[in-house]
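Just passing along the structure, written as structure tokens.
The first chain written gets the first letter, and so on, giving A, B and C; residue counts start at 1 in each chain.
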Amino acid sequence: MNNILNVSPSPHQQSSETTRKLMFGVVIALLPALAASVYYFGIGAIIVTLTSVLACVACEFLIQKYILKTKTSISDGSAVVTGLLLAFNVPSNLPVLIIVIGAVISIGVAKMTFGGLGNNPFNPALVGRVFLLISFPVQMTSWPVPSGFKTGYTDAVTGATPLGIISEGVKNGESIAVLMDKVPSHMQLFYGYMGGSMGEVAAAALILGGIFMIWRKIITWHIPVAVLASAALFTGILWMADPATYADPLFHLLTGGMMLGAIFMATDYVTSPMTPKGMIIYGTGIGVITVLIRTWGAYPEGVSFAILIMNAFVPLLNMYIKPRRFGKEVMNG
Amino acid sequence: MSSTVLLTIIMLSLLGLLAAVILYIVAQKFKVVEDPRIDLVNEVLPGANCGGCGFTGCRAFAEVLVKAESFEGLNCPVGGAETMGKAAVILDRQPVAVEPKIAVLRCNGTPENCKRTSYYDGAMNCRVAHSLYGGTTACHYGCLGCGDCVAACKFDAMYMDPVTQLPVIIDEKCVACGACVKACPRNIIELRKRNRKDRKIFISCVNKDKGGPARKACSVACIGCGKCVKVCPYDAITMADNLAFIDSFKCKLCRKCVTECPTGAILEINFPVREEKPAEPAVTEVN
Amino acid sequence: MFKTFPKGGIHPPENKITADKAITVLPLPSAVTVPLNQHIGAPAIPVVEKGAAVKAGQIIGQAKGFVSANIHSPVSGKVSKIEPVADTTGYKQMAIVIDVEGDEWIETTDRSATLVKEVTMTREQIVERCRECGLVGLGGATFPTHIKMTVPAGKKCDMLIINGVECEPYLTSDHRLMVEKGAEVLTGVTIIMKALGVSSAVVGIEANKPDAISQLTSLAGGFEGISVQPLRVKYPQGGEKQLIKACTGREVPSGGLPLDVGVVVQNVGTAFAVYEAVQKNKPLIERVVTVTGKSLSQPGNFLVRIGTSVTKLIEAAGGMPGDTGKIVNGGPMMGKALAMTDVPVTKGTSGIILFPDSESRRDEIMPCIRCGKCSTACAMGLEPWLLSVLSEKTMFEKAEAEKITDCMECGACSYTCPAKRPLLDYIRLGKATVLKMIRERITK
């Protein structure tokens, strides 16, 4: 016998699924939404996405190579996903420098300081987004009006988001029925014809990506369904109680970051619970907090904050929500 | 306006008073009466919480010391005689002299000496490898090379040598806390008496197989021939299960056994180079 | 119609290369090495001297204590050595080496192939015969069969489940046995039913073995109380608790035994061995071993005498391919990797798998991304990621509270992990430590 044999404990087979494949599965799922944002916002969407992805990957590479002096792990694709999600969460007319700052915060502060992939308690892309929202409120809330490649980049014509219009209008005492005429129709909202962050507008494309991820078993249905169902239920109750001050549930689901958040941001592996029961609690929390912020908070939009708040509860959910142990309850004697 | 200021002052004072009362009551109710000497002893201990003394940490050891009648059998290997002397002064007890020790790796199974017969591909953990199979060589007593001891060392006194695939103990840093001894599933690391200039003579092998298989597995194995036992003038070497053992407290470092060993399993370390004898045995200074 | 267990499970590629290869008898080797510990429990004590002449089937190792099994000479010849020999783990244990001379059997064994269907023995006689013949569970756990056949006082058994699942990829020895020796297997089932005093038995077979299902279903008509239950293909369905859940819906309580829900599970291989022992008075000295691998030229199922060197088996299957990187004794999910081929086949060897070099190295370990796929895959409802970390950080008390002892080491978690973490390596370590802790607590 001349070969030196490999010896390892069982199992001696591994599935073909890898972290890299999962991450690139998410990237593929994000492509329809990316195409939609290019369709609506033109060149700005391309510039923002490229800047964000490159900045995130470069940031991770530089930190690992020169500060931590460890093996670089950019090939696992997680930085690419963070970069894409960060881009999806900012307006398409955001200047390059601000995006780079966001990327540095996302990767440098929210991810690498905690020990890199797998250790960050908060969703990196959302931390970056919220940081930018607080630091650059003007740039982060000047939403380009979707008009394809005519939109331009930093010189884009801007307007308010549908949620902003409603929120502002309700404060001024206008009724929902009147305000509804000022915002795009539900069908337009579904296809994404509205102002907003570049990736969040096209609900149809995001749902397509979500279905792809569930089909490829990258995510399970629990979190998206819990988020959307709880938000719909909560807004539905409010709407039934007083249709004059509260918008209908479908409007809430189709506007703002609801779809993007429910399908892509909340389902981030690292920052979401691991058991189905935990996922449902987590998703419900996000849905409820989002509606609370949207209806009574200072911001017209609350998905990012809701997800970050629920991220903080994930370790707790992982600790207390356990899967049902086999043979725990004896059902027969 | 002035009434607001006054009200604030009164309110805050009352709150402060209330809090003080609560704190006082709680402090009285849950008071832990503790021997003040525990703190004093704890002060002089190294504070590394390594567990080398056999207790869970420095404070636990301090409590034991305070309670103990004598210091017999109690020792802080890290602080050594100095620390124990200070503790003895505080507690007004007689310090017990304990020989300082040092950890020694009793395996020289480098890839050169000990041929690799398989490749281990499991989790890098000696205990996992040990419970799985005999190891990557034909010697199933020797070092597995996954570095459990290095991970266990709290004093940065060990590292893995990538060439020899064996851990290396840095003599100056080793405090003989015994963490590596406990971590090793194969009991290869031994605490031995620390000699002048960290000189060491020991059997660098723990193979209990008979001579033939042992030699076949590793060229520097102890084959249990007993030559060293015969040559030792101090009766420091004993033979059990085909394996020689040098008692470090009896050994006078005469180095007679080193030249006698046919396989070079006895290592002499930190000695001056021998001049009178040209036929020097192959000694690999791995340690 | 296809039943299965509800929670967890994975679908590794089946790779049943040898599914239609008929069982062939391996020629006698020139020498056999028979370890004295081929079962769970205490090793047997040698009862022959060096130089003694033995016949095939003659007892050479006497069971020591209750949980132990007799060892018989698998060949006729002369005992050349009784000394420690490296077993599949590489550690040495006592073994008897016999040089083969001819093929002479003990007179009591009926070596004809005629089917003896009628069971004449009483319950006690059956159990005693199984004990004498050194029968152990042939599914891999090698628990002495006579203990499993005795229902302890206070327990009730109302059903026998025969494990014909063979959920491990690659392995086909049980499959071939069911196809080729169906009647004998079912007679064995009848015998076990009699010993246990139960009136019904279910043979659970996964749907990827349609020929075995149809063969046994048609034969089962001739036996009373035996039915065949086709099961959906899912690993680890061959796990005792999973199989019981799939076949009957009963759930064995955590830390309990199948008898707690009135069930005994036996492997089809064991049923066949019981038939041979009881009807033909043949001790357990040979078994069917699958020798397979993608690069092997003649993979197949071989009837092998215990103690034959694995090297001989590989030669019979066309010789070791040059690209062999790993050899596994048992299935790819739970088997043991061999460091060398010069080890004997034992009662628990169900297969020898040769993996090409490209498939024999584990992938690079990445950080855990907390995807929870291991929890989803775990059929016992455990959280492998947590147990693995707790074991790695030596937090064994916490691991015990998280039911680490429920783990059956099926490997579904390590298989499914996208970050390729060695979850089971650490869990196995933790489980062993916790079991030791529990034992120490009991003895205190």
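Definition applied: a residue touches a chain if its C-beta (ideal position, glycine included) is under 8 Å from a C-beta of that chain, and two chains touch if they have at least 3 such contacts.
None of the values given here were measured: they were computed from a predicted structure.
Enquirer: If every chain is a node and every touching pair an edge, decide which shape results: line, ring, star, complete or other.
Expert: complete
Enquirer: If I average the Cα coordinates per chain and compare with the overall Cα mean, which chain comes out closest?
Expert: Per-chain C-alpha centroids compared to the overall one single out C.
Enquirer: Nearest whole angstrom, what separates the Cα centre of chain A from the Cα centre of chain B?
Expert: Distance between chain centres: 51 Å.
Enquirer: How far is the middle of chain B from the middle of chain C, if each middle is the mean of its Cα atoms, in Å?
Expert: So the centre of chain B lies 43 Å away from the centre of chain C.
Enquirer: Chain A to chain C: how many Å between their CA centres?
Expert: 49
Enquirer: Can you list the chain A residues in contact with two or more other chains?
Expert: 5-9
Enquirer: Going through chain B residue by residue, note those that touch at least 2 other chains and give them in order.
Expert: Residues 117-118, 121-123, 128, 132-133, 136 of chain B touch two or more partner chains.
Enquirer: Could you tell me which residues belong to chain C and also touch two or more other chains?
Expert: Only 336-337, 339-340, 360-362, 422, 425, 428 qualify.
Enquirer: So in the complex, the part of chain C that touches chain A is made up of which residues?
Expert: For this pair, the touching residues of chain C are 7, 10, 12-13, 169, 241, 245, 250-256, 260-261, 311, 320, 322, 324-328, 330, 332-342, 353, 355, 359-363, 366-373, 375, 378-383, 385, 403, 406, 409, 411-412, 414-420, 422, 424-425, 428.
Enquirer: Spell out the part of chain A that touches chain C in their complex, as residue ranges.
Expert: Against chain C, chain A makes touches at 1, 3, 5-15, 17-19, 21-22, 73, 76, 78, 116-119, 269-270, 272-275, 318, 322-333.
Enquirer: Note which residues of chain B are touching chain C in the complex, please.
Expert: Listed in rising order, the residues are 117-118, 121-123, 125, 127-128, 131-136, 140.
Enquirer: Can you list the chain A residues touching chain B in their complex?
Expert: It is residues 4-9 of chain A that touch chain B.
Enquirer: Across the complex, what residues on chain C touch chain B?
Expert: Residue list for chain C touching chain B: 86, 89-92, 336-337, 339-340, 360-362, 392, 422, 425-426, 428-429, 432.
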